[in-house]
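What follows is a pair of complexes built around chain A, which joins chain B in one and chain C in the other.
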Partner chain A sequence: MRIKINSSKILNAIVLIFLLIISIFYVYPILWLFDASLRPLIDIFQVPPALFSGSFEKMFGIYTFNSFINSFLNWGTGIALINSVLVTCSSIILTVFVCSLCSYAFAFMNFPGKKIIFIFILSTMMLPLATMIAPYYRVLQKLGLTNKLIGLIIPYAAYPLGVFLLKQYFIKIPVSLIEAAKIDGAGYFRIWLRIIMPLSKPALAAFAIIQFKEVWNDFLIPMIVLRSGSLFTLPIKLQLMDSQTFNKPYDAIIATGFITAIIPIIFFLIFQRYFIEGLTGGIKG
Partner chain B sequence: MLKIVNEIKKELNIKKKKEIFNSVKIIPYIFVSPFIIAFLLFYLYPVISTINMSFQEILGPGDVKYIQFKNYINLFNHDFYDALIFNSWYTFWTLAVLIPLPVFLAVLLNSKLTIGKNFFRSSFFIPALTSVVVAGIFFRMFFGGMETTIPNTILKFFKIKPIVWTFKYHTAMMVLVIIATWRWLGVNIVYFLAGLQNISNDLYEAATIDGANFFQKFIYITLPGLKPVIIYVLTISIYAGYAMFAESYILYPNARTPGNIGLTSVLYLYQQGFDHNNLGFASAIGVTLLLIIFIINTIQLRFFGLFKKAGD
Partner chain C sequence: MKKIVLLFIAFLIVYEVNAAGKKVLMWSFAANNIAEWQERKADIEKKFNIELVIEQVAEQAFVQKLQAVMMDGKGVPDIIEWKIEQNQILNADPKKCFVYPLDKYVSKSNVFKNVVAGRVSWVKYGKSIYGLPHDVHPVVLIYNDTLWKSVGVDLAKIETWDDFFTAAQKLSVEKKDGKPLHYALPWSATMNDTMFMIWQQTGAQILDKTGKPTLNTPQFKEFVTKWIEWYKTGTVCAWDWGNFAALLKNGTLAAYASPDWWVPQVNEAASSGQYQFKVKSLPYYKKGGPQTASWGGTFLAIPKTAKNPDQIYKIMEYMQYDSSAIKVRYQKTEMLPPFASVWDDPLFKKEDKRFGGQKLGELQTTLAKKMPDVITGDLFWDVIFRDFGPNLSEIVSGKMTIEQALKVSQAAAEKRYKDAAKK
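Now for the complex of A and B:
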C-alpha cells in the first residue's frame, strides 16, 4: 500500500515537471518581450542575457521606457493602438448583436427553411477567407469600404462559429422561462434582451474572447483593406516597422510587439473564468 | 365624427404594425436577417465571385476579359507546385503534432490529481491570443543566424556550426511547425478539455470496477468519447494548414522567400493578386485551394465516419 502511494506521488511529480517545462516554453516569448521592451537597445541582444547576469543592478537597474517613448513618438504606435481598440470594440458589439439575434431565432423559433439555413451557415466554416481575398477586396471596393476602419468592422459581423456557439448555449435555457415572459406580455425582442442575454453571460464572454483575439490580431484583412498609415492597426503597423530594410528599429518593434501581445492577454485573464464554461455548451458531437 | 374615425384607424394601424413585428411568421426572419445579409455579402458572394473571376483577365475596374481556362493552365508552374508541396507537408506535420499532444495534455489537465490546472491551462492558451506578427518576429529572431541565439548555442554544444534556420528547407518547415504548435496547442487543449467534460464519469467507474488500467480506459473510453472533437480539430487543421499565410509572410519580410522556401499557396496568391495585380489568376489559385481543402476534408470525414453516426 505504501509503495503504491509513493509511486503515484512520483508519477504526479513527473507530470508536474513535464507540464512546467512546456509552460515555460509557452510563456517565455511573452516574458522575453516584456523584459526586452524595458531595456536599452544595446542590451537587448546581449549575451548572456542581462536577466541572468546575477547582479540585481544589471538585471533591473537599467530598465527604461525609451523603447516605448520611441515607438509612440516616432512610429505612431499610439494612433495604431487607438485604431485597434476602436475596431475591436465596435466589432465585438456588432457581432455579438448580430449573431445572438440570429442564434435566438435558431434556438427558439420554428420557421420554414430553418434547418437548411443553419446547415448552410455551418458548412461555410470550412471556407477559408484567405483563399477568397481577391473577390473579397472587390466587394469591399464596391461598397466603398476600402481604406476605412469601418471596412474592418462590418465584415466581421457574420461569424458562423459565433452563431453555433451561442445557439448551443441558448438551447439549455429552460423554455418555461420564455413561456412565462410571453404570458406576461413580453415581445420577442424584450425576451431576447431581458432573459436570453443575461442568462448567457458565459457563452457571450467566451464568444467575446474569441472575437477579440480574431479581430485584434487579424492580419490579412487589414492588409488588403487599409492603405493609409494613419488607419493602420497594431499588427499592420508592427509589420511595417519590421519590413524596414535599413536601421530596423528593434527597440520600437519590441515595445509595439509587447503592447500588441499583452492587451488580449489582459482581456482574457479578466474573462477567463467564463471561458471554458461558455465553450463546453458549444462543443458537443 | 371624421376625427374619431381617423383616430380609430390610427389606433388599428399601430396595433397592426405591432402585430406584424411580433408575428410568429415574420419575426424569425427579422432576427436572422442582419446575419444573413452580412453572410451573403462577405461569405457567399466572394465564393461565387471567385469562381467567376478565375476565368477572367482583370486589367482594372471595368476592364475585364474572359479568357476561359488560361488562368488554370498557368497554374502548372514551379512556384505553385512548390507552394502546394510545402503546404501539404506543413499540414501533415501540424496534424502529427497538434492532435496527439493536446489530447495527452488535456487528459493530464482533466485529471483530479494534477496541481495548478488553471495556471497551466492559461499559460498554454496565452500564445493563442498573441498576434501572428509578434510570434513571427520573435521566432525569426529566436532562430536567427547569430551564433548567440539559443538554438545555435545548442548546436555549438554539439560542435555544429551555427545556421540560419529559416533559410533551409527542413529547418524552415520546423520553425513554421513550431510557431503553429506554439500558437494553437492551447486552443486544441481547450477543445479536447470541453470534449472530455461530455464523457460520462460512470463509464470510467464501471471500467475501474472491471479492473481496467489507465491505458485501457484511455483507448476504450477516452478516445472514442473524443472522436467527434478529434474529427472537428482534424477538419479545421487541414483548412488552416492550406490557408496558412501570415506566418510565412512575417518570417520572410516583404514576401521574399529564398528559393521558394516557406512559400505557401496563399502567399503565392497574395503576391500574384496584390503585388502583381493579377486578380484573375489569384482567383484561380483560390478556387484550386478551396477544391483541394474540400476534397481532402470530404475524404477524411467519410473515412472517419462522421456521416455514419457511429461512435457518436
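Now for the complex of A and C:
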C-alpha cells in the first residue's frame, strides 16, 4: 500500500519544528528566571540548573517564595511595582490621548506649515537620548516637576513615533466617513472621539504596547528625574539592588527581575492580536 | 558701643540659627556603604550641625545625572561617592574635572597623612588628589589547603606565579567528562578580575604620567605573554559571580585572589569543615616585587558646584576616617580602612577560624602598607575594558597574536586619548 504524502504538510511540520526550536531560545530565559526566582539563593546558579537534574525532589521539591518575600520586604519592590504601574498606565492614557489628537490633525486638517511641523516632530526621533538629558532635566526643574511621578508621566506624552504610527493608520480611514459626520453636524472633537478612535483600535493597541514597553523598561529618565526612594520604579530598584558592591542579593534581584519581565509579557499577550494588525495596517498606508 | 556689641551678638545668634541644620546632600551608588552612612547619620549631623541627606543614584546613570544637575545648578550634591577604578568624573586636567582638587586640604591635614600612599595613587590624577578613598582592598590568595596538599603541593611555599601555575597542573590532572575536577584560579576572559589584580604586581602601567595609554610597552607585552602561557595550562575556570561560594564549597575552585570584600565567599565552604582553607600573600610576579594589589572600592569627592568645600572636606574626612567608626566598618564588612594609624589595634590581629587561626587582618595590613602605585586617569578603565579587553579575547581564541592585539589596542586607546583631548 502506498502512503500518500502531502508535501505541504511535511513542509509545515518542518517549519513548525524549526520555529519551536527557535522559540526555546526566547522562552528559556523567562523560564529560567521563573524557576530561579522560586529557588533558595544557594541553588540559583547551580550548573547544570536544578530544573534539569532529573529528580522531581530536586526539580520542584525546594521551591520557596523567600526570594519574593525578601524582595518585597527588604527592597521595597511593592512600592516600586505600584509606581511603575501608575506611571506606565497614566502615561499610556495620556500619550494615546495627545498623540491621537495630534495625528488626527495631521491626517485630516489643513493648516499652514503642516508638512514642516510633521517633519520636525519626526526629526526629534533622531536625537540621541544622551544629548537630551541635561535640557530635559532643566525643563522639568524649571516646571517644578523633578522628584515627582507626574514629572515622568507628562514628558512621555510627546512621543513622535506614536504621532507617525497613528497618522499612518488614520489616513487609511475613508474620508467619506468624516465628510458624512461633518454633514451631520459633528465637530472635530466629536469625529475624533466617535469615528476615528473606535475605528483605530488595532493601531491604538499596537501603540499602547510599544509605549508600555518603553515606559515600563525606562531606567535612565526616571533615575535622572527622581530622587526619593519611595518614588523609584522597578527598573531603578533592579539597578540599585545590583549596585551592592558585594554580597549582591541575587535572590531578590531575580524575583524582581521576574516581576519586571512578566508584566509586559502578559500585557502583550492580551493585546497581541491588535498589535500585528495595528502595525501592519499603520505602516502599509 | 553697647549697641554695637548687642547688634554683633544678635548677628551671631541669627547667623548660628541660619547655619544650623544646613542641608548637605550626598550621592552614593554603593548600597553597602549607604547602610553605614545611614547608621552614622545622626552622629555626623550632630558633629557638624548639618542635615545630611543621602540619596542613592544607580551607577548606570550616575555620571549623566551629575552632569545634568551640575549644568542646571539645582539639586547638586555636596558630596559624591563614586567608583575608584571606572572613572569619568576625575580628570588630570583640573578644568575638565567634575570635582574640586583636594590638595590644599590634604596637604594640611593630620588625618589624611595616615592614608596609605598606594591607595592615594588611585585618586591622584595628574598632579592633584581629587578624592578620599573609603577603603584599600588589599588582595590576598585564599586557597583550599586540603586539595592542594592532596596533590603534593604546599602552596604556602610557592613563591612566584610561574611556580603557582606549574604546581596547578598537578591539581587539574583529575578529570571528569574531560574537564578538570579542580581549578587553580577563576578568570573571566577579560582583564577585569584576576588578571587585573596580578597586572598591578607587574609595574607595567596602562597610562603614563601624562595620561597617555601605554599598552605597547615591553613590560605589558611580557605580562600578557605570561598570562596567556598560564591560561594555556588549562588550570583556570570561569569567574562565576553568582556561583562562587558553591564552587569553593564543592572543591571546583581551589584558590582565588581576593580583596577584603570578597573574602566572605569562603565562609560557607570553610564552615562546612570538608576542606581546610588557608590564606597567603599573592605569589610574586617577579621576586622582590609587590605581593598584593587592590580591586574595587570607592572614594568621596566634592563636586565643583558645592558651595562650601572647606566644610564639606571636614565632613568627608570624618565620614571616611573617624577611628572608632572605621573599626566598626571593619567588624561589620571585613573592609580594611586605608587609614594606617588604626591598624595596630588588636582588632586587626585576630586569629581567623576560617583559615585555621591564621591572622587575616594582620596579613592584609602588612600587605596594604606595600600596595603598588597605579597611574590612573579618566581613560584608565576604558583602555582596559574597551580597547584591550576585546582584543584579549581574540588572543585567547587564537584569532590574533599578542603583538597584533597590543598594536590594535594601543591604536584604539591613542584615538580615545586624542578624542578626549579635543573635548
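Observations on the structure shown:
Basically, the second predicted complex is superposed on the first by the 259 of 285 C-alpha atoms of A that agree within 3 Å, B and C clash if a C-alpha of one lies under 4 Å from a C-alpha of the other, contacts with A are read in each partner's own complex, and residues count from 1 in each chain.
We take it that a contact is a pair of C-beta atoms (placed from the backbone, for glycine too) under 8 Å apart; a residue touches a chain by one contact, two chains touch by 3 or more.
From a predicted model like this one, the values you see are computed outputs, not experimental measurements.
Superposition model on chain A: chain B and chain C are shown in a clashing arrangement.
In the superposition on chain A, A:Arg138 makes contact with both chain B and chain C. In the superposition on chain A, A:Val163 contacts chain B only, with no contact to chain C.
Contact with chain C, but none with chain B, is seen for A:Ile42 once the two complexes are overlaid on the shared chain. Applying the stated contact rule after C-alpha superposition, one finds that A:Tyr63 touches neither chain B nor chain C. Once the two structures are overlaid, the count of chain A residues touched is higher for B than for its counterpart among chain B and chain C. In the superposition on chain A, contact of A:Pro155 is made with chain B only, not with chain C.
In the superposed pair of complexes, A:Ala261 makes contact with chain B only, with no contact to chain C. In the superposition on chain A, A:Ile224 makes contact with both chain B and chain C.
Contacts of A:Thr146 after superposition: chain C is touched, whereas chain B is not reached.
Once the two complexes are overlaid on the shared chain, A:Phe246 sits against chain C while remaining clear of chain B. Clashing C-alpha atoms with chain B after superposition occur in a single stretch of chain C, namely 383-391 (options considered: 113-121, 293-301, 347-355 or 383-391). The residues of chain A shared by its contacts with chain B and with chain C are 45, 47, 130, 133-134, 136-138, 141, 219-220, 224, 239, 243, 245.
Note for the complex: chain A touches chain C at residues 42, 44-47, 130, 133-134, 136-138, 141, 146, 219-220, 223-224, 227, 229, 236, 239-241, 243-248, 250.
In the complex of the two chains, the chain C residues touching chain A come out as 29-33, 55-61, 64-65, 67-69, 71-72, 74-75, 240-243, 245-246, 261-262, 264, 268, 296, 298, 333. For chain A in complex with chain B, the residues that touch the partner chain are 8, 12, 15-16, 18-19, 22-23, 25-27, 29-30, 32-33, 45, 47, 97-99, 101-102, 104-106, 109-111, 114, 117, 121, 124-139, 141, 143, 154-155, 157-158, 160, 163, 187-188, 192, 213, 216-217, 219-220, 224, 234-235, 238-239, 242-243, 245, 253, 257, 260-261, 264-265, 268-269, 272, 275-276, 279-280, 282-285. Contacts from chain B toward chain A in the complex involve residues 21-22, 24-25, 27-29, 31-32, 34-36, 38-39, 41-47, 49-50, 53, 61, 105, 108-109, 113-116, 119-135, 137-139, 142, 146, 148, 182, 185-186, 190-191, 193-195, 197-198, 227-229, 232, 235-236, 239-240, 242-243, 245-246, 249-250, 253-254, 266, 269-270, 273-274, 279, 282-283, 285-287, 289-290, 293-294, 297, 312.
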